[in-house]
Amino acid sequence: MADLRITAVQSFLTQPQSARLVVVKVLTGEPGLFGLGCATFTQRHRAVEAAIKHHIGPFAVGKDPRNIEDFWQAAMVNGYWRNGPVLNNAISGVDMALWDIKGKLAGMPCYDLWGGKCRPAAAVYVHCNATTPEALADAARKRMAEGYQHIRCQLGGYPGLEAERLVPLAGAPPGAYFDPRERLRTLPALFEFLRRELGDRVELLHDVHERLAPIDAVWLAKALEPYRLFFLEDVLAPEDIEWFENIRSVCATPLAMGELFCHPREITPLVARRLIDFIRAHPSDLGGSTPCLKLAHLCDAFGVRTAWHGPGDLSPVGVAANVHMDLALHNFGIQEWSFPNQAVQDMFPGLPEARAGYAWANDRPGLGVDFDEALAAKFPCDDGNPTWTVARLPDGTLWRP
Amino acid sequence: MADLRITAVQSFLTQPQSARLVVVKVLTGEPGLFGLGCATFTQRHRAVEAAIKHHIGPFAVGKDPRNIEDFWQAAMVNGYWRNGPVLNNAISGVDMALWDIKGKLAGMPCYDLWGGKCRPAAAVYVHCNATTPEALADAARKRMAEGYQHIRCQLGGYPGLEAERLVPLAGAPPGAYFDPRERLRTLPALFEFLRRELGDRVELLHDVHERLAPIDAVWLAKALEPYRLFFLEDVLAPEDIEWFENIRSVCATPLAMGELFCHPREITPLVARRLIDFIRAHPSDLGGSTPCLKLAHLCDAFGVRTAWHGPGDLSPVGVAANVHMDLALHNFGIQEWSFPNQAVQDMFPGLPEARAGYAWANDRPGLGVDFDEALAAKFPCDDGNPTWTVARLPDGTLWRP
Amino acid sequence: MADLRITAVQSFLTQPQSARLVVVKVLTGEPGLFGLGCATFTQRHRAVEAAIKHHIGPFAVGKDPRNIEDFWQAAMVNGYWRNGPVLNNAISGVDMALWDIKGKLAGMPCYDLWGGKCRPAAAVYVHCNATTPEALADAARKRMAEGYQHIRCQLGGYPGLEAERLVPLAGAPPGAYFDPRERLRTLPALFEFLRRELGDRVELLHDVHERLAPIDAVWLAKALEPYRLFFLEDVLAPEDIEWFENIRSVCATPLAMGELFCHPREITPLVARRLIDFIRAHPSDLGGSTPCLKLAHLCDAFGVRTAWHGPGDLSPVGVAANVHMDLALHNFGIQEWSFPNQAVQDMFPGLPEARAGYAWANDRPGLGVDFDEALAAKFPCDDGNPTWTVARLPDGTLWRP
Amino acid sequence: MADLRITAVQSFLTQPQSARLVVVKVLTGEPGLFGLGCATFTQRHRAVEAAIKHHIGPFAVGKDPRNIEDFWQAAMVNGYWRNGPVLNNAISGVDMALWDIKGKLAGMPCYDLWGGKCRPAAAVYVHCNATTPEALADAARKRMAEGYQHIRCQLGGYPGLEAERLVPLAGAPPGAYFDPRERLRTLPALFEFLRRELGDRVELLHDVHERLAPIDAVWLAKALEPYRLFFLEDVLAPEDIEWFENIRSVCATPLAMGELFCHPREITPLVARRLIDFIRAHPSDLGGSTPCLKLAHLCDAFGVRTAWHGPGDLSPVGVAANVHMDLALHNFGIQEWSFPNQAVQDMFPGLPEARAGYAWANDRPGLGVDFDEALAAKFPCDDGNPTWTVARLPDGTLWRP
């Protein structure tokens, strides 16, 4: 197969569960040889689709699919402006598909291309949300009984329980109201309660979702230290990450960060100064598997472990790319997990599955996942102004999402 | 006018000169009251268009156009992932239009809203390119005779003259070949020649356009020190900006950087550590006038001056936004300038004009620029895979753009 | 092939040219499936052989050769003490062989496993040594005529010309006498002469070989700055590398370092602080291809390029591993080259070849190199106290090698 | 005795207790004048033996044994690659033997050569291991009753008690399984118990043996702060030592580190930044008494005290070298101790002895220890793939040893 070329790049929008998925299919001149990639940016799926259709797709056609690194480097700079979530997702769709093709050419799962298995399966953490501490403890106990030992505990979702009680200031615009200072009052007590209820052995996690002012984030990280979290996630917004230095100077709470990262300048200084413990990058937001593998190696040099974002906002193709990295990278930390509904399972045969606390990939070549295009067409995306929450403080101030 | 709402957000693609322009028009419930903004990302215009049409536009409709800051904050985070050139440009289109509306509501030019004039006009620098040092000196002398005292001097464009002589390695892929090391050989001699030919009083500038390896950038900045440049631009790529520290430690060449910046983590550390002298941000790439005004104030605190990118890659609406800032900001440094052709002048009545080294804005309310939609429709964009150069080194390596 | 095991690890000592080569062969349970690796530590070949025979080899037998990362991690720590050149070389022999096996299983050259080609061939630099500046210029011109554009220029070899003139102090012990301060007197003049003779376009390199006191190294790096070296190599000893900070603060001479590195603490801080421009690591001294790929990715995050050490002190198997990385890594800088004699070429069919300034790998699966064991046996190693020079200063002081 | 030469270097492998010992004997031209040194690297004894036999030994023969510093400097660099545990141990064997010869020539114990006694004996700490807190307290009380006031307390050895309960993930490879997070749960409670049981006056120590992720190490150091440890040892792996900065910023637990160190770049920055309190270097791993004396002096400049590693992994010759340093160095901190069995006592007449909390050296010239070669031959080493534990996490991940 001396000559091999990319002949077409197709994008598919589908919404079988909550997220609007963007799946990319790269076709080659070799009959039957194609790859699948994930370009899912659920709130901006139409912009990603246009970037693939008009820009990244045409740029890829005609190139040799085996030269992944060269494609990635060229695609990143050929629009001149770069490093944002729309373009990176578009590039990711092609990049992951090229690794899928590479695995099929080699007759190997991607984890084997990437150095082979460091472990048979990847430990996952699951989400538990409830509106009372007691219900949260019950939800956690249910997952623990199923074998899950890493539980992310949230009270009332991201806005928090206080949202229900809030009466915004007269004249304030509509929005998802919440009170960041209330978190400081409730969260330490919540985790004291959970440790008492759930015992010492289960690993507890919490996601602040960037909803605190910087110094309040420092205070909270310190206040939660006695409860020995597995990690505290996104305690700062991407715009505030220099404040991690302040957190490090006052406590030893493990810190996870990065699902919003899309630029090396966000990541490299944070890692090289050892200011976080788990990199939570969203692979398609970084531009695919190629930059993720490099990022993982960077992290390894500084004692930082991986905790790839997903899978709620990823297609199962992206989930598979995560799990293959989880198996092959020595500095794997943990894998976030959510459970696909039946439509997703039917649409993506071969998708990784979680059982009793661990996610398993199959051993088929490449990423090992298929895609039923006809079924996808039956689940069109809801295009009505997709948006993340417009979070506001009690006085009406627009706040972090 | 107690109640005022955005009723529609329209985007227009047009290519009257070299760049594919994206112009945004924000309509309001007040008959005849509208604003114009610039969302120009010339190599990814279709992705920006989709972002406006499907995401940012629908999000703006129904909001009070007077609450610019609240809109900007909400728009930046409501897709959750953020800080990239496609989404920032889409937001910029609306943001600038809201400032245009604000001025029209006040009956004031934007420079008056922003604090009033610090100077009657804005000094500009112009581009001179040629294929021999002698022709370059002649081109500069011609501009100097017209009154321009800040001249950017380039030999052979960005690829450089050496591109013509290069024979790429057999088997290397197609691309715009160039040799970064050749720059080190020719540029110091070129500026020695230009200083001899043009004298000591004219201000000379040079744009490296990120085309050097980091240590070669350090070397060049030092080697050009004797020729007293007004500034050396983009001597490093956005991914390499930590190397400005190395440059600062060995020489005093004034440094300009930032046309590609789209994330605070690229900018704040660089400014706060005083590693550059001129911020060259592209306003629509940052997200409009709102973030630019703040950035200028940040720079002022650290002795950094403005040199807004443009206008080659901006519509005249964006150029007007630049010039209004140039007049009102105390720490204005210089304004980049290029000359619009007749089609552009006809399409954008009221656009700022440069004469004898200075750019002038009119004193009409808002940004002072109109837009002839019918004429724009006569200049549709060339959609054929728009791309910046795919720059490659002599051995085929993909390089900085 | 569900079950696949390493069945034997063999080591071969042979000396077909100047270096004592250590070649490792890893056999598997699959008939005909084996891999070759390089474990060459030319002055301590017997210690490496014992480490393979008694320690690393028996540890590898029985393991799945596909799980390279797991093997590497386990082998590095299972003797408890770690990170030295003897053990790392022994591990490298197996690690490279496992990548060779991986490529054979995939039916792909290693460069394809590692992301595909970024360039068709790897630019090389060659050595020119002479005893007068005139003869050195002649030697360089000869190489330039053959197409080599990167020339390492040394006067009188590592001891330097002054060695011939030196009369050591009475009573000083035997050794290879030289005078480091003499270098400061002669090298700037030499490179002024070479630039005059050879012109501006050829890339010149120089290797100090750690032979200067730290402050003299700083002085020399600055004194050579005007001659625009491609790089200055090993201007400091591994024990003195903190002094690179001093060099950086006074000049922009490109710096290469690392052929002696065998510990992450030597490398990570140097790279993360951007104190060198080219990493010159000796792959087998780091422990094989696995750590080299990670190191290259670390370097990429900080603008540092690769210049793998070799091939004089590597077997052609190691040379092939270098060239495969050179093709696949985006941040490749340059490849050191020396020319194999006929015995080496016969012993290692398929070895990479350099022509007209570039090294080429073949496209056979794995590393693409074979090994004629019977021929190797005809070139036994000279075991008579192998040693690098015992360098001494004029007064008898033992100095850097 | 104007002329004195080394005439032979012999190495002996023997295993009278748990460790495989490597003892070096240096013979001289003076009849009856010889020295003994320790080159013990228990898991890689055969590689060290080969390094002595083929490389370091032949290099030493013919040199004047009185010029120890010159020998050490030359031996360190004459293989060119350097600084690893195999070669350093080989050099150490000769270096200690040369100090033994020096003492015999002077008719003085080594402590007298090194400045004379600062104290008559060296305080030691001893190991107590048990499988329950109660049994551990009993073991400690027994040692305290014997006069030992510095007790290292470990529950369940290095793998920890949890190892017994662990069921590794299905498909995970064989290994010594353990759970680092379990330590965080049990250790603070353990030391609270021990302080309650044993009182406030006894000095307690604990060895983490690098078994924690970096942030967990920070957490543990802080959590143990209230129990006023004499020191916490190896809380980080050698690859993670930059994290000591994080520990220093959150707590005042005394820190000991260094038994694995074999390179100046591991040590100098750590000491010069005062990030540890006790240097735990393994003398033969550094290359003998010569580098240890210098290291102690470096530490003295920064307030760091000695706590030489051993004696479990040292021969009694190395133990003697430790105790002689303990007596002579002002910044002595503590000496690790373990008790030799009868075979060891018989094989090494004159070995130092511990009584009532202190170790005593004899006052014979040199290191004061003899070696019964005939007896040693009766305790051959077990050569069956010697290995430290292959420690794995519950999911199968290879972990720190």
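Letters are used for the chains, namely A, B, C and D, taken in the order the chains are written, and counting of residues starts over at 1 for each.
As a working rule, a contact is a pair of C-beta atoms (placed from the backbone, for glycine too) under 8 Å apart; a residue touches a chain by one contact, two chains touch by 3 or more.
Just so we're clear, the structure is a prediction, and the values are computed from it rather than from any experiment.
When chain centres are set by their Cα atoms, the one at the greatest distance from subunit D is B. Repeated interface: C-D and one of B-C, A-C or A-B share more than half of their contact pairs by residue number, and that pair is A-B. Subunit A and subunit C have Cα centroids separated by 40 Å.
Mean C-alpha position of subunit A lies 33 Å from that of subunit B. Averaging Cα coordinates per chain places subunit A and subunit D 45 Å apart. Residue positions 70, 73, 118, 264, 302, 330 of subunit C each touch two or more of the other chains.
Chain contacts in this assembly follow no simple pattern; the graph is neither a line, a ring, a star nor complete. Contact between chains, as defined at the top, is found for A-B, A-C, A-D, B-C, C-D.
Chain contact summary for the complex, subunit A toward subunit B: residues 41, 43-44, 46-51, 53-55, 58-59, 70, 73-74, 77-88, 90, 173, 238-239, 241-242, 260, 262-266, 269, 282, 285, 383, 385-391, 398, 400-401.
Remark: subunit D residues 169-172, 181-182, 184-185, 213-216, 218-219, 221-222, 239-240, 242-243, 245-246, 249-250, 393, 395-398 touch subunit A in the complex.
Contacts from subunit A toward subunit D in the complex involve residues 118-123, 200-201, 203, 225, 228, 230, 248-255, 274, 277, 302-303, 305, 330, 332, 358. Looking at the complex, you find that subunit C touches subunit A at residues 64, 66-70, 73, 102, 105-108, 112-113, 115-118, 264, 268, 272, 290, 293-294, 297-298, 300-302, 328-330.
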